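What follows is a pair of complexes built around chain A, which joins chain B in one and chain C in the other.
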Partner chain A sequence: MFPIISAMLVIPIVGFVLIALLKERMSKGIAVASTAIVFALTLGLLIYSITTGNANLSESYSYISSFGIGLSFRLGIIPLILLFMSSIVLLATALSGNHENSRPRAANMLIMLFQIASIGLFTSANFFMFFIFWDIGVIAMFFMINVLGSANRRQASIKFLIYELLASALLLLAILMIYFYTPVHSFDIAYITSNIAMIPANVQGAIFALLFIAFMINMPLFPLHHWLPDAHTEASTQGSMLLSGILTKYGGFGMILLFGMMPVSHSWASYIALLAAFSTFYAVFLLMRQTDVKRIIAYSTIVEMGIVMFGITALNSLGTYGAVYAMLSHGLVVALMFLAVGSLKHLFGERDINILRGTVLNAKATTYTFLIGTLAMVGFPLSAGFIADILIFLGTLQSFGLLGLIPLGALILLGSYMYFVINRSMLATREHSRNVDYIGMQQRIGYAFLMFFIFLFGVLPFLLLNLVKL
Partner chain B sequence: MVLPIFTVVLPLVVAAFLSLIVKGKPARYIALAGSLVSLGMVALLLSITSNAPISWFSLPGLSVMLTASTQPINLLLLQLIAAITPLIFIYSIGFMDVPSEQGRYYFEICLFAAAMMLFAIAGDFITMLIGWELLGVTSYLLIGFWYKKERPPLAARKAITTIIIGDVLMLMAALLLWNSYGTFSFASIISQGAAPLLPMAMVLVALAAFTKSAQFPFHEWLPDAMEGPTPVSAFLHSSTMVKAGIFLIMVLLPLFIAANMLPMLLIIGVITALIGVTNALAENHIKRVLAYSTIEDLGLMTVALGLGSLPAALTLFVVQTFYKALLFMSAGSIMRANNNEESITNLFVPSTSKALIIATIIGVLSLAGIFPLSGFFGKAGIESASNSIIVYAILSVIGFASSIYIFRWFLIPLRKQAQKRGVLANFRTLPKPMLAATYITAALVVYASLLYLGVLPWLSLTPAPIPIAAAAAETTITLIGLSVAYVAYMRLRLKKMSEAHRAAYLALYNNLAVNAAYSLIARLFNAIAWVVEGIDRNIYRAFRTGAISPILFARLLRRMEDGQANAYVAAFILGTLLLLIILVV
Partner chain C sequence: MGFIFTNVMSSYGLLAAVLLLVAATVCSQLIRSKRAALFTSMFMLAAAAAFSAHLILVSVSLSVISIISINMFSMLFVLLFAVAMMLVNVLSYRHSRDYTSFAMLASFSFAGIFIVATAASLISIFIGLEIMAITTAFMILSDGKHGIESATKFFILSSVSIAIFAFALALILPYSGQLQLSALSASAITGNYLIVLAIVLFAAALAFEAALFPFNLWTPDVYEGAPGNITALLAGVNKKVAFVALIEIFMVVLLAYKSVFSLLFLVLAIVTMFYGNIVAIVQKSVKRMFAYSSISQAGYIVIGLAAASAFGIEASIFQMVAHAFMIIGAFALILWLESRNIRSIDDYAGLNSRNRFAALSLSVLMLSMAGIPPLIGFDGKFLLFSSALSANMLALAVLGIINSFISIYYYARVINAMYTSKEHPRLMTDRHVAAVVIACLVVVVALGIYPQPLITLATQASAAILVL
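On to the complex of A and B.
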């Protein structure tokens, strides 16, 4: 069969090289073309899976065979969903994220790099690859903040890097422990999952703790979340779309792998659920104190990822697939929201809700997008978030009983504050902010593109969910 | 051809998006056509549609179906909506004369009607939730329709905040019931009877229903929702939105009985009805009086359900639709003729516009419950259903007070003579569609009275029995109320309450206290957020210190190798001395 996953990986590499070599004004075109091709390929994969009812696929190439290191890919329903989500977000980012078209070569090269990381990470079949692509993603994001960000970018990017490097150091340590404690010294995720019993129990506990903290930093969960709001405040619009849209999903994806792989996680699940629920409420309360729209959206990521973690700790298929669906929904929604916020900043030169006023008068499309994004964020029916909420909380109800419903309460606070924001800075009052610029067709297409998929997966959830088999 | 029953909402959805595309004036006719097609479809419903469930998605261990229910009660609500929608659109043709906003207006209102229709035929929690939440969001858009003004966005936010609470609670209840029963379908949950977590789930359902149906303590958004355009108020208060919560309680009444929750409904209903009546007595805004009156009516329906009398609740449910739509339509006409004046003390109605007055009188008498107008059957039915003398007494007081406030509402604008010539002319040139819709609705109020005895048997319910004595008592009380109001407002010409009556005013007009309580709760959450923010800052500071400490340690170590010979010598001597001391001691 045609090696579609490696082909997919080659495209952004080619794009990266072309952008580096060709003229700067061509870079956006190349980036859009490359992300569009990857999007088309993932769409093809998705349609293929839906028609055949089978999402499993694998490819492998040996590299250092004596150590079991090589490129090996595998695709199942969960990686496929996340891969598809990331290809949508990347295409929207490349097309519409850069309002000012500032430093297009650097921005687009980093997008290509990030696309390589995302394709590789979500399809990796061994931990060695997982680690490599993880770090590529982190480095790409570091430069996105450090090079393309706003005034305080250096401080924020270093903070981001310290947290994320700690995460990848722990990840590497855990991966090496796994490698040395498995009898045949393997990185292969499927092999490790089926032979996990061969690792001594106390070592398993240590590995679990290391991996959990690594993924927890990336998701992020309380108390290791401090890097995220600052990173978002300083990152460019494109950086923010990719950071919350895709990078935080690395951790979520890792958590799903981890909980599927190590039975030791089951004994910790209820404590982790408690942490996740706490993190959700904690982030909501922090969100209620923010006045920068971008920081508000950033904190909503922590809220949502807390709910994702909560779903994973239910340890049943409903909770897990709910978490995946929530990541799908949240990735698209948060990208849409950051795109809208980027437009607001571009249009009015301002992001503070105390200064923005009556934006609906001069920026109808952007304001309505923000409203629709808010609806999708709090799980409005017919948006993908609704399906995710149903699945996650049915799963947690089965595992934790009534307590499993509590994090839903955070959505009330989130929704109320979002409507407060809309009221304060978008609707109403005679005074209104004057726009200093106009947004182009590309941004409108970006809105429509992301919204289309948010509602597609909300109206036709069976497309993805009927693929799930046990 | 057999279509899924959900297609009844399609004409309105199509009309919604078409009117968004075409914008401007044609939108009104598209919307009207859509609503008429949908009315036709409802009429033909049984022959062309099937209510087989549609599978939405399934995973191992969960399959979610979209189920329609074609029980008589669902069809009844469906017909009410289908009948009111075209009237609202006809009224809007006259009312909505801002060409630039028409596309948006009809888009939102069509979607609103479609959501309510979907809700009306929902046979399971998921389908119901789709309609339920769509209803909430479209009502947010409609209440905040005039978003350029100052108050409508605030009112819209109050509504959506209340509604979000309801949405989340309802989702919780649905999931909880699935966990106990393994299904989302109303029918199969009801057939399975009680389960361990049923009371918990029903409390959640009841609270969610209270948010939509403006029951205490979630009622305060409804009067504020008057900031929306008048046709929207007429629509929202008659057959849609506020009826959703009550309707859901009706559908799930067997579960409420199984969970022993009727007393709770009764108590909340009584409180709500009392709040509605007292505020309506003190309120001067023409539309807000009607809003409080809606709160009272909804409270009475909850009381009827709390008494376990579905027929009584249903009767008021049906008749209230028509008289409330009628009163709002008249109020809209009166306001427009008075150049959008809002306070009843400043409004006036000339005795020359007889047709409008007669239509309004029909609505007023129906609301007060004068035999044989339809309101009578609603109110007397509930009073006769009461199971204890206390409940009966409270209901009688409420009935008495409601006849006072509605006559007050009606008489104060009548007693003045026109001061400005323009207003008289305005009454003569009121848009024809507005008046036409008002008169048709007035006819429907009368018709509903005749229909009353025909409707309930069709629902396979026996009409609530109204003993002659109860009917006589109800009528007497209403007539006394009318006389009191007549004497007070036409003879004594009472004006606004003065400072001397401030205590009485505050007791009646208790929405101020409710609003204060709301902002107290909001402030409480803000205080928690403030505390959390402080904690968060300190946690980060602790991390920072922890992370920096190796660097501080390194700085200490660096001193040892900085090449300062005299420091080395000093350290050497000190060290030797220390060593000596240790050795000696």
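On to the complex of A and C.
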């Protein structure tokens, strides 16, 4: 069969090199073309999986043969959904995220690098590749904040790097331990999952703790979330879209792998559920004190990822697939919202809710996009978030009983506060902010593109859910 | 042409290349021709590299005139040092005040290095180290602005280290009566405390050259005082030669005392990593920061010696090759920037807007040193930490990873400074520096993405040295 996964990985690499070598004005075109081709390929894969009902693919090449490390990829339904989400977000980012088209070469090279990381991470079949692509993604994001960010980007990017590389140090230690404690030294995720019982129980506990903390930093969950709001405030629009849209999903994906791999996680699940629930409420209450719209959305990411974690701890297929669906929905929604905020900043030169007034008069598309994004985020019916929330809370209802519905409270608080914010600032038409610029067609296409998929997966959830046994 | 190199011919060719290198650079010094010196140095070093590459390809193990042992281990390092020497020569041609003298001294030094790398007896190691140390002292002296202080410091300390080495040699000698490495290793002398003293003295003597804590106090001053091309030579070549000697002595001669020296190196690795990394954090001068960072990198290399297994040596060899290229590239950039009066971290601010190439390549080299995949530094650290784990030294692996994490901070600080926007006049790229840096970057990125060839070489090399 045609090696579609490695072909997908080669495209951004070629794009990266071309952008580096060709003229700067061509870089955006190359980035859009490359992300569009990857998007088309993942769409093809998704359609193929939907029609055949089978999403499993694998490819393997020899890489570091002395350690039995192959360049091996595998695709299942969960990686496929996340891969598809990331390809949509990347295309939208490359097309419409850079309103001023500032520093196009640097920005687009970093997008290509981030795409390499995302494709590799979601499809990697062994932990060695997982780790490598994880770090490539982190470094690409570090430069996106550090090089392309706003005034305070230096502190924010260093903070981001320290947190994320702490996570990757823990991850490295954990995968090395797994490698040396499995009887046939191996990094292969499938092999480890089936042979996890060979590892002594106390070592399993240590490995679980290391991996959990690593993924928890990335997701992020309370109390290791401090890097996220600062990183978002200082990142460029494109950086924010990719950071919340895709990078935080690395941790979520890792959590799903971890909970599927290690039975020891089950004994910790209820405590982790408690932590996740606390994290959602904590983030909501912090969110209410923010005035910068970007910071508000950043905290909403912590809320949503808390709910994803909560779904995973339900330890049933409803909860797990709900978590994947929530990551799909949240990735698209948060990219849409950051795009809209970027447009607001571009249009009015301002992101503060105390200053933004009546934007609906002069920027209808952007304001309504933001409104729709908010509704989709809290799981309004017909949006993908609704399906995700239903799945997650059905799952947690099964596992924890009525207690499993508690985080719904955080979601309701989030939705009502967000609507309150929008109503008071963007929809308040008594006075209105003055336009300093206009948005182009590219941004509108970006809105429509992201919204299309948010509603597609909200209206036709069975497209994906037919592929799994719930 | 129908002319086929046999293995023996290649070995003699290698020897001839080294001798001709010395002769040719001496002649160039006599006629004071910079071009002749560069041309002959590069040609002879390239010839040495080619011969050693050929001997690696046929993977032969033989002994020439009974003092030069040709095997995978020695040839890998002859190849590495010849290539590294070529890079340093290119740098010095442009940036040295007196290139012909440099070329001559460097060729002497390379002869010493060649003797250490191919040593078949302890005396060869001793002589080779001595030749290298003395010529290096002269190189520091002849070139730097503050050369005399650095050179004196280096000279006194390396004399002391050579004296200690001689004493350790004298302690070993009565027990075996001979100095051939292979013969010594066969007569494993066990259960004598004088040998333990010899182990400590050997370790101390070579730790001076390899700049391991607490024998590294000369390093930052000498690195900073010497001009960048000499610093690149010190950090990229001399330090690795000391490690080659360490491996030859400990893994061949003293292998019977594995449990003793493993513990010794465990302690050295931990203190060296922490010292280098923690002190690097507070440095203002970038060159000094890299001096400390190279101390901590030496600490990582020692992890493989602490593991004291074939895998550990393989990891050390990999990291030695990796670090040689990373540090030569970094010091090449620093040398060039220093000549434009860019020294402290504050001066590095806004470097990206002055010269994209410098900022990008220094960033890549630093990320590689910090162990970020998919660059060569990551593969080296991955192997080292794996070797520690495979030797059941979980704590060492954990401390190594912690150190690797600490080092992120000071590298990121420089990257951060370079990418601040600040309006400055642009800097023109120096093409000699650019050539060296690009060569280093190619190695760092290519072998980082696909490390298997170097891993295979390192495996064969470590097998070859353990067979001796």
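Heads up, the rule we're going with is that the second predicted complex is superposed on the first by the 467 of 470 C-alpha atoms of A that agree within 3 Å, B and C clash if a C-alpha of one lies under 4 Å from a C-alpha of the other, contacts with A are read in each partner's own complex, and residues count from 1 in each chain.
Quick note on the criterion: a residue touches a chain if its C-beta (ideal position, glycine included) is under 8 Å from a C-beta of that chain, and two chains touch if they have at least 3 such contacts.
Since the model is a prediction, treat every value here as computed from it, not as a measurement.
Asks: With the two structures laid over each other on chain A, which partner does A:Leu45 touch: chain B (first), chain C (second), both, or neither?
Replies: After superposition on chain A, A:Leu45 lies in contact with neither partner.
Asks: Contact-wise, after the overlay, does A:Tyr321 reach chain B, chain C, both or neither (first, second, both, neither)?
Replies: In the superposition, A:Tyr321 touches chain B alone.
Asks: Based on the superposed arrangement, let me know which partner A:Gln398 touches: chain B (first), chain C (second), both, or neither?
Replies: First partner only.
Asks: Using the superposition on chain A described above, determine whether A:Ala125 touches chain B (first), chain C (second), both, or neither.
Replies: Neither partner.
Asks: For A:Asp135 in the superposed arrangement: first (chain B), second (chain C), both or neither?
Replies: Touch status of A:Asp135: second partner only.
Asks: Between chain B (first) and chain C (second), which, if any, makes contact with A:Ile77: first, second, both or neither?
Replies: Neither partner.
Asks: Give one of first, second, both or neither to describe whether A:Tyr282 is in contact with chain B, with chain C, with both, or with none.
Replies: first
Asks: Can A:Ile162 be said to touch chain B (first), chain C (second), both, or neither?
Replies: In the superposition, A:Ile162 touches chain B and chain C alike.
Asks: Once the two complexes are aligned on chain A, which partner has more residues of chain A within touching range, chain B or chain C?
Replies: For chain A, the partner with the higher number of touched residues is B.
Asks: Identify the partner contact of A:Leu344: answer first if only chain B is touched, second if only chain C is, both if each is, neither if none is.
Replies: neither
Asks: Under the contact definition given at the top, report the residues of chain A touching chain B in one complex and chain C in the other.
Replies: Looking at chain A, the two contact sets intersect at 162.
Asks: In the complex of these two chains, what residues of chain A are touching chain C?
Replies: Going through chain A, the ones touching chain C are 63-67, 131-132, 135-136, 139, 142-143, 146-147, 154, 157-158, 161-162, 165-166, 169, 172-173, 176-177, 179-180.
Asks: Can you name the residues of chain B that touch chain A in the complex?
Replies: Interface residues on the chain B side: 55-62, 64, 126, 129-130, 133-134, 137, 140, 144, 147-150, 152-154, 156-157, 160-161, 164-165, 168, 171-172, 175-176, 178-179, 197, 200, 525-526, 528-530, 532-533, 536, 539-540, 543, 547.
Asks: If you look only at chain C, which of its residues touch chain A in the complex?
Replies: 352, 367, 372-374, 378, 382, 385-386, 389-390, 394, 397-398, 401-402, 404-405, 408-409, 412-413, 415-416, 419-420, 450-452, 455-456, 459
Asks: What residues of chain A sit close enough to touch chain B in their complex?
Replies: 162, 223, 226, 282, 285-286, 288-289, 316-318, 321, 358, 360-361, 375, 378-382, 386-387, 389-391, 393-394, 397-398, 402, 405, 408-409, 411-413, 415-416, 419-420, 422-423, 427-430, 461-462, 465-466, 468-470
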